[in-house]
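One chain, chain A, appears in both complexes that follow, with chain B as partner in the first and chain C in the second.
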Partner chain A sequence: MTRLTNIQLFCILVITMITTPYQVLAKLLAVTVAQHGWLAILGSILPGFILVWAYYYILVNSSRPFPGLLEEHCGTVTGKILGFIYIWVFYLVAVKSLVIFANFFLSNVLPGMPISILLIFIILPAFYALRKGLEASVRTVELITITGYPLAMLLLFFGLGPETDWSRLLPLGGFAVADLFYGILLVSTYSSFMIVVLTLGPFCHQPGNLWKWMFSAYGLFLLSTLVIAVIPIVTYGSALTSVQTFPAFNIARSTNIAGFIHNIEIILVSAVMPGVFGVLAIFWFVTCYSIQQVFGLQDYRIMVGPTAIMAGILAVLLVPNIHFMYIMLERIFPWIFITLFGLLPLLLALVIRLKRPKDLQPGMMAGNN
Partner chain B sequence: MKLNFLLGIITLFIVLLCCSGCYSRIELEDSIAAVAHGLDISPDGTQVISSGQFALPPQADEEEAPKFLIRSASGPTFSAAEQVIRASLPRHPVWSKAETYIIGENIARRNIGLFLDRLGRTNAVRETSLLFLAYQSTPEEVMSTRVEPEDNAEAALSKLIRGQEPQTGIYRPVSINEFLYKVSAEGIEPVLPQVKIESLEGKNGLTIDGLAVFRGRQMVGSLNEQESRGYHLANNATRGGLFNITLPDSSRPGGQSKHTLELTSSRASVQPLYSQGQLTMKITIIAEGNLFELDTPQSLIDMAQLSLFEQQGSEALKSDIAACIDRAQAYQSDILGWGQILQGRQPALWESLKADWPAQFAGIAYEIECEYKLRRTYIQGRGIIEE
Partner chain C sequence: MFTALFFMMVVFLLALDVPGLLRQGLKKDLVIYALFMLLAIYLSMVQFYHWPFFNPFLELAAKIQTP
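Entry: the complex of A and B
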């Protein structure tokens, strides 16, 4: 069995949680709560902590990785049904990351490039990595976290030029509470991508220390999303940010440091692309692994080929245009993800808590103690 | 194992093929770079006009060979007009190389909404490019004007505006980003530097002449040089610039002497004060500078004299800012962003005023406090001539 170090799991969580918000969250928050995106991020701290607790609690009280643990806690039939649903939702996240990146790339960088070539360009390395096994993907994700993540954040900071005006975050009040709650929901959607820990956590050397790394990854997610949401607002204002398709890309386009560092958008693309590979590879692995668990297959790798072809086709068919993609990201996906990655695990944690015999010590994973 | 190795090789080849950057490529010898881009509308308002100034490849053996060519075309949209230009050019025009955009006065006075989308949507426009308004002329005429020693209008305009900012402190560059932000945000209106064609020594040349003021989607007027300096002072943290003061001097013809002071830095802050139903904007300017040139070399500059210079300096800056505010209020155009300041500091008050903001802005009382401090007198303290 492949073993992951805790730091590898931390890297996986960082990449899976941050890559998609990096591309779209600033716009989504500007549309929903104008300049108050940072308040929505602060508001998501509590739900985020609860999620981390729920995931950790499920993890240490289960003997099988997700979604096999559903059968353990909910019974075979319910567990298999839920597992089957989760297969599709994990797959949806993988395909969604492809769709967002394809739109990002084709809108801003090479509009003339056929989408099929672009999808092959992304899918093929992930396909190869998954065929090689989890270790190859995870090591790549580790490298991406060390190189791509700091570069991507640095590029955002480069956007803080002489036209930056911090007063564009004002006024502090004057927002609709319902909008703020929706903003919190949007942010929590991406923190709920931490659910991959339920599948990958049991592969770790020291599952008992996982909570520290989960909290660290979540802390980094919060800091990163604050930067992602605030910099476009202080650079462009909320009105302009809300009409841009990918504000982070506009930041890179308009970066000009003393006439010396400019035209750096291609560097941004090269920083985002490995992140997309990371999200795709991890959620694709979780999908295939879930199929193995639910259908009792010998090896998850036999599902990599068929799902690769389907992912390419679905990525083309899922959204007809970028406008529809944002409708999905704003109105449809958050409800799906928060229900299945947030509320259901929370419910599961509560069920486990209620069902747990009083004399059993918590904090020990059955499969690893 | 063999299958994985083979798969790895195939993956590598396919990825390398995709990395070659062949998509959307434009060969250098098949392209021509636009250095400036003009956007205007026909006098009857039925067609928009797109103009491009294209840099010609340098001719090694011909010094006098033309350095650029200009093409203009009209159409229902700017993109349609650019397709017409494309049809007349054997090479592919690369619009994304244009770093200067010149807006025609016609379209600015009619509806700026007609070109905003052209500036903001495609990646052919770089948001850091500079915007100018062709004052009393068309973008094509501006682009046709050669400004020695520069080869084209783009280089000339860019250097004109960037060069004068630290020296005269009247105008500053306006990027597409800044313009789009001010058009899209509530409680602030944009301005654009005006480019005028002037006859200099028998040849036409370009000068920056005032700022075009917008309200909503239209240009509503212009600021002159003094008002433009006031705008610059009231809106920004400035660095550099010279300005003149007059002091009473009975020994001089007209009873006045004129002196030039330097403004090395200034910082403006605006505070909305609301009391008894009356809104007043308090503008505070903290500035410092140097003695730059004295009309009459003074035998001794003592503290009292320096204080007089400072006082007159403060008055001069106040008068520039007041001139700008009065003009902006006359145009009902909040170019100073008072609405935005109000929105940030007193949101409830802003909510009650924003529906009729242009008219409300015109009636707002203001106070200006200016503190100008002289720091140095350069390499001379006393004047050369002793009295």
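Entry: the complex of A and C
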């Protein structure tokens, strides 16, 4: 069995949670809550901490990786049905990352390039990595996090030029509370991507110590999303940010430091591309692993081939253009993800708590401590 | 041309996975693999030949767009 180090799991969580918000969250929050995106992020701290605690609680009280643990706690039939649903939702996240990547490239970097070629270039390395096994994918993700993440964040800070106006984050009043709650839901959607820990956590050397790494990853996620949401607002204002397709790219494009550091958008592209590879590879792995668990297969790797074809085709079929992509990202996908990655795990943690014998300490059921 | 390339890719994948499954006698794995591969081929045909396809996300998005 492949073993992961805790730092590798931390890198996986960082990549899976931060890559998509880096591309789209600033616009989504600007559309939903205008300049109050940072308030939505602060508001999502508590729900996020509860969610992380729920994941950890489920992890230490289960003997099988997700979605196998659903059978353990909910019974075989319910567990299999839920597991089957989760296969497609994990797959949806993988396909969604492809859709965002393709639209990002087609609208900003290489307009007119055939989408099929673009998709092949991102699916092929992920296909190879998954066929080689979990270790290859995880080592790549570790490298991407260590090199790509600081670079991507640095490029955003470069955007704080002379036109920066911090008063654009104000006024505090004048927003609908319902919109703010929707903003919190949007941010929580991306923190719920930490659900991959339920599948990958059991592969770690010391699952009992994972809570430190999970909370660290969540802390980094909060800080990163704050930077991602605030910098476009103070640079462009909420009205302009809400009409841009990818605000982070525009920041990189307009960066000019003393006429010396400029035309750096290609560096942003080279930081985002591996990030997309990371999200795709991890959620694709979780999909294939879920198929293995639900159907009781010998090896998850045989499912990589058919799902590779489906991912490419679905990325084109499901979302016809960038306009519909943003409608889905804003109004449809958050409800699906928050229900299945947020509410259901919370319910599951509650079920485990109620079913657990009173004299048993947390963690003893899994024999992890 | 593109369809031919696609079927070459499918044949390549089948050649990569199926012999191993047959050699090990993993019948259930083979059935699940075949089901997913058929679904992948069907979706590809939908894309290549514009067969009718119900996309719930697009339907919902269109409804949201025009309240």
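Throughout what follows, the second predicted complex is superposed on the first by the 364 of 369 C-alpha atoms of A that agree within 3 Å, B and C clash if a C-alpha of one lies under 4 Å from a C-alpha of the other, contacts with A are read in each partner's own complex, and residues count from 1 in each chain.
The rule is simple: a contact is a pair of C-beta atoms (placed from the backbone, for glycine too) under 8 Å apart; a residue touches a chain by one contact, two chains touch by 3 or more.
What you are looking at is a predicted structure, and each value in this text was computed from that prediction instead of being measured.
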Partner chain(s) touched by A:176 [first = chain B, second = chain C, both, neither]: neither
Touched partner set for A:314, first chain B, second chain C, both or neither: second
First, second, both or neither for A:297, with chain B first and chain C second: second
Touching partner for A:236 - first (chain B), second (chain C), both, neither: first
First (chain B), second (chain C), both or neither touched by A:128: first
Partner chain in contact with A:331 - chain B first, chain C second, else both or neither: second
Which of chain B and chain C A:350 touches, first, second, both or neither: neither
Of chain C and chain B, partner touching more chain A residues: B
Residues of chain A touching chain C in the complex: 116, 291, 295-299, 302-303, 305-310, 313-314, 316-320, 324, 327-328, 331-332
Chain B-touching residues of chain A, taken from the complex the two chains share: 108-114, 117-118, 120-121, 124-125, 127-128, 131-132, 163, 167-168, 170-171, 173-174, 235-237, 239-240, 243, 250, 253-254, 256, 262
Sites on chain C touched by chain A in the complex: 2, 6, 9-10, 13, 16-17, 20-21, 24, 26, 28-29, 32-33, 36-37, 39-41, 43-44, 46-47, 53, 55, 57-58, 60-62, 64-65
Residue ranges of chain B in contact with chain A within the complex: 4, 7-8, 11, 14-15, 18, 23-24, 120, 123, 126-128, 175, 177-178, 180-181, 184-186, 340-341, 343-345, 347, 350-351
